[in-house]
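In the two assemblies presented below, chain A is common to both, partnered first by chain B and then by chain C.
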Partner chain A sequence: MFQSFRHAATWVHTWFGLVLGFVLVVVFFFGSLSVFDREIDRWAIPESRFEPQPMPSFDKVLRPVFDTMQPMKESVDAMRGKVDGPMPERFDTVRSWSAYTTHRDPVLLLWASYEVPGAQDPHDRVWGNRTIDPRSGKVFPDDQLKIGSQFFYPLHYGLTLEWQDLGAWIVGFAGLVMLVALISGVVMHRKLFREYFTFRPTRNIQRSVLDLHNMTGVLALPFHFFFAFTGLLIFAGHYFPVTHTQLEPLHELHEKIEEQQTGLPQDRAGVPAPLASVDAMVAEARRRWTAKGMAGEVGLVSANHVGDVNGYVSVWRAGTDRIANVSDGIHFKASTGEVLYEEPPLTAVGSVGNFLIGLHLQHFRHWLLRWFYVLGGLMGTVCLATGLIFFVEKRKKQHAKAGGQSRRVVDALAVSTITGMLVATMSILVANRLLPEALPSGWPPRGDMERYVFWGGWALAMIHAFVRSAPVAMDRLNPAWHEQCWAVAIMAVAAMLLNWITTGDHLLRTIGAGYWPVAGVDLSLLVTAGLAVLSARRLGRKALAAMPVPRGGTAHA
Partner chain B sequence: MRTNAFNRGEHVALAARILLAVLGGYACCWGVVALFAAATFALGAEFHDGETLGSILALLLYPAAFLWAFAARRLWLAGTVLVGSGALMAGTASLIQSVLT
Partner chain C sequence: MREVILLTAALLACTAGMGWLALAMERHWTQVHEGEATAAQVLRMRALGTLGLAAGLSLCLAADHASMAVLVWVMALAASALAVALTLTWRPSWMRVLTCFAG
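Let's turn to the complex of A and B:
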């Protein structure tokens, strides 16, 4: 059906690229922002603007908070229908308490999971979380949205579509298509190295858009391939749940053997026992790391089967100076503090897996590489966006002749996805600074309001793009392109100014104090505004230049 | 290639290729993950190592299988190889499991 491999590759690249390109733009853009998710969190929650903190004392700071925790309502609601008998009011059987921190976290996120009496699947848990100031143990309000790590980051890997994990599956399929598009893209363009150096920004839109598509695609090809691949690998167990379906019995056998080898119990014994000093266990873990010549901070600490004689505490070393998120775990008997098991050196395969995943998640310290991630991610975004625009531009002329309207739709979708996504991003930042700290009673939680503004802003941008799309049918530029660029520029500056007005943290102060998380976000907003103005002016000129085409005339610009 | 040049029969063939690329590729990759997990376990290696190794290979194989489903001259051959190998590998994994558990 295709005359050659190259024809097949071209068809796959064009059509799968078009359909999933819209998703991939979102994944790449919010992935780029997620590289600085913690810093965006600082910008969004002014009370959390202080220096990163080490893991605090478990006994004095964490334990009192854990003791008061209960699962979230959402998590309990999700369990309804999966329980025989009534759902309990309180959950007191703790499966695990855990806290994870990195070298970029001032605030600490605590997680607690609880066993559910009468659960049809005994592996099911309900979850709760809480954010604290590790210096004092003060709890941050639950309705504060960490825009970076709790919104942009989940958008990156799951589009925040949680129903049946639909978002994660869509992103997974898009990731596969990204790999396919990269391979088929190379097959399509045999003159790879010439295109590497070709950029004709002054030629017509179609030509310069294609040049930019090829340049950003080829220049960052290894980056794009690596991140699409490792992104899929992180979720491989989710996309291929082999060991929890077909090979479930084998997995259980493995867990039993592992339990015998490590001495770490899978289940509670049902015999109550107290929790000994976790601080003493942490001190012992640090002593052992130092003895191995790798002194370090605690990255992850977790207490399992709390209150039971089978309870154990795991302490993991932070990966600040390693690729892997955490390493060198040491496990202690919860009731006595004796060492049960020390993680052996990783196997070759384990090291490779940790390396690939760790390099994607980048919880280690390397600021230059971190900026390269942003650059690579934005190049990917540009590559995908220009691919979508090229699709429209290439077909606009012939469809204008034939009188088709379908390119109008694709073009309006491209506007919605590209500039609309920026409008939405700016909307949530502006809303974050404009909404009052305490909303009137009866309103949704503040964090939810911010999300609604994000999606509302995006929906408005989409409506605007469709309303303004008529010129596309006549082979002209949709004015929504430059109008939305202006909107982005104005909102970016507004967000920066609002941060100044509402918190007093203007750029001179944050740069002067060397508080880069907030200064960096503000500076990025200004750069975004500058680029948006440049684009708006250029696109505006193009739209005008194409204006005076007489109906039915042949003088296309 | 002019995509609007497809005729009715070719549309059916194209739909079949899309299905084969997505589902056939998935079946084949599932088999790889299952076989690696079960086989490494049987050989006494770390269970999750087999799963990781299988996943890495499967995710590299998937895009290639995907493209092949469109490029293959004979659709039935690509279908047989992808789905057949997937079923064979998954079956072997289940067989290993039934021996071990």
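Let's turn to the complex of A and C:
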């Protein structure tokens, strides 16, 4: 079928890259933003703009909040149809209460799971969560959207397509294609080392776009490879759900053996028992970490089978100074506080797994590395975007001759994906600052409105890209490229100014106070605006430069 | 503060290393200098480049836990290579700082 392996690799790279490239641009861009998800959350929720806090007292702060929690309506609705008999009004059998924090979290996310009486699959749970101010226990409203961690981050790994987890599957397939594209790209590239440092921003768009594609792809190759690979690894259990399909009996057996080895009960005994002081257990865990020479903060606390004699409490050390998210868990008997089980040192395989997953999820403290990840992610975004543009540029001339319209579609899709994605991102930030705190009754929750504005902005950008795409058929540049760059620039500055007007936190104040989460977002908005203006002017000139070519001229060019 | 100094030094070492490795290539040498580099100059720049990257790794290891240092170094290589590539594109004359070591 193909003359050589290189031809085959080129075919795979071109066509799989084209189809999944649109998805991968989104994955890489929102992945880059997710590196600073907590900081974007601070920008979006002004009441949460204070310093990161350590895990608060469980007994005094967390317990009273957990006691009032109930599962979310969405979670209960999702359970309907999987229960024999009626769905209860209240859920009082707590499977677990958990709280997780990192060195970047001022607010604390709590989540609780409840057993469902009559569930067809006894493993099924209903879930609830709540965000609190750990200093006072004050609860944040549920309709506030943490734009970073609850929107950009889910977009990154699942496109927010939750139906049947479709988004996660699409992203997983795209991740696999990314690995294939990296390998086939290296095979195709005849001068990988000779052109390692080469970028020629010449008048020839095709040449400079290809240079940029190769450069951003090759220079950050280890990053691209490891992030695609570890991303797949994180979701491995999702993509190969064998533990609850073919290997279910083995999984059940493993649970039983694990229960015997660790002494941590899988199920409730049905005998009520109180919950002893969790603060005392946390103090004991910290004492043991210090004795091991690794004093640290608490990252994760969870209480299991609350109110039952089989209940136990797990305390995990935050991975602030390690690559792994959390480590060195110690488990206590909930009713007495005695130590049931201390996690042994990890096996070699376990450590490698934790390292690979931790390097992707990056809950450690290292600001330089964090910014390097943004750089790597943005280089990936540029690599994918230039790949799409190169596809169009290479074929534009031929198709201008043949009179085909298909490149118009691909070009308009490229505009929608690349600048359209930026327009959408700016829209949600502007909407976040413009929407009133309390919306009139009958409106959707504020967080949902912000999401709608995001998708609406993206849809408008797409319509604009298609409407303006006629010049592409004549081998010219789509004016939507530079028009959308202007839109991004204006909206980025507007978002920064709106943050100032609505909260009073202007850059001089945030930088003066050293409050970098908000200052960083504002500065990034300004840099984005600057780059967008530069691109808009350059693209505008190119669009004009291509204009005066007489109609007959293009056909013979 | 110690970390900031070590990591800044690591970044400089990696950038210089990548710069020398680029200058060891004929195309980039001629962007900066007239005439071709001698075989001895090419060899010296390759050696300096390798040393620069190795120094970068040692500085990263001095700043952080080894598991983190490796990640920082790999990403520093990407960032410094990008910086060198863009300098060669727009400000090749800046690279002369490095060629004075080429003898």
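The definition used in the following text is that the second predicted complex is superposed on the first by the 553 of 557 C-alpha atoms of A that agree within 3 Å, B and C clash if a C-alpha of one lies under 4 Å from a C-alpha of the other, contacts with A are read in each partner's own complex, and residues count from 1 in each chain.
Rule of thumb we're sticking to: a residue touches a chain if its C-beta (ideal position, glycine included) is under 8 Å from a C-beta of that chain, and two chains touch if they have at least 3 such contacts.
These figures come from a predicted structure and were not determined experimentally.
S.K.: Chain A superposed: clash or fit between chain B and chain C?
M.R.: Here the two partners, once superposed via chain A, fit next to each other without clashing.
S.K.: Looking at A:Gly376, would you say it contacts chain B, chain C, both, or neither? Reply first, second, both or neither.
M.R.: In the superposition, A:Gly376 contacts chain C only.
S.K.: Does the superposition put A:Met188 against chain B (first), chain C (second), both, or neither?
M.R.: Neither chain B nor chain C is touched by A:Met188.
S.K.: Given the touch rule stated above, what does A:Leu497 touch, chain B (first), chain C (second), both, or neither?
M.R.: In the superposition, A:Leu497 touches no partner, neither chain B nor chain C.
S.K.: Is A:Thr243 in contact with chain B, with chain C, with both, or with neither (first, second, both, neither)?
M.R.: A:Thr243: touches chain B, not chain C.
S.K.: Looking at A:Leu523 after the superposition, I want to know if it touches chain B, chain C, both of them or none. Which is it: first, second, both, neither?
M.R.: After superposing on A, A:Leu523 lies clear of both chain B and chain C.
S.K.: Tell me the contact category for A:Phe364 with respect to chain B and chain C: first, second, both or neither.
M.R.: second
S.K.: Taking the superposition on A as described, I'd like to know which of chain B and chain C A:Met87 touches: first, second, both or neither.
M.R.: Neither partner.
S.K.: Have a look at where A:Leu531 lands relative to chain B and chain C in the superposition and call it first, second, both or neither.
M.R.: After superposing on A, A:Leu531 lies clear of both chain B and chain C.
S.K.: For chain A, which side has the bigger count of touched residues, chain B or chain C?
M.R.: More residues of chain A are touched by B.
S.K.: In whole Å, what is the nearest CA distance you get between chain B and chain C after the fit?
M.R.: Closest C-alpha pair between chain B and chain C: 19 Å.
S.K.: Of all residues in chain C, which touch chain A in the complex?
M.R.: Interface residues on the chain C side: 7, 18, 22, 25, 27-28, 64-65, 67-68, 71-72, 74-79, 81-82, 84-86, 88-89.
S.K.: Quick one: which bits of chain B touch chain A in the complex? Just the residue numbers, please.
M.R.: Residues 1, 3, 10, 13-14, 17, 22, 29-30, 33-34, 37-38, 41, 45-56, 58-60, 62-64, 66-67, 70-71, 90, 93-94, 96-97, 100-101 of chain B touch chain A in their complex.
S.K.: Flag every residue of chain A that touches chain C in the complex, lowest number first.
M.R.: Residues of chain A touching chain C: 194, 196-201, 215-216, 219-220, 222-223, 321-323, 355, 359, 364, 366, 368-369, 372-373, 375-376, 379.
S.K.: Going by the contact rule at the top, pick out the chain A residues touching chain B in the complex.
M.R.: Listed in rising order, the residues are 1-3, 5, 7-12, 14-15, 173, 176, 179-180, 183-184, 229, 232-233, 236-237, 240, 242-243, 246-247, 249-251, 253-254, 258, 347, 349-350, 352-353, 356.
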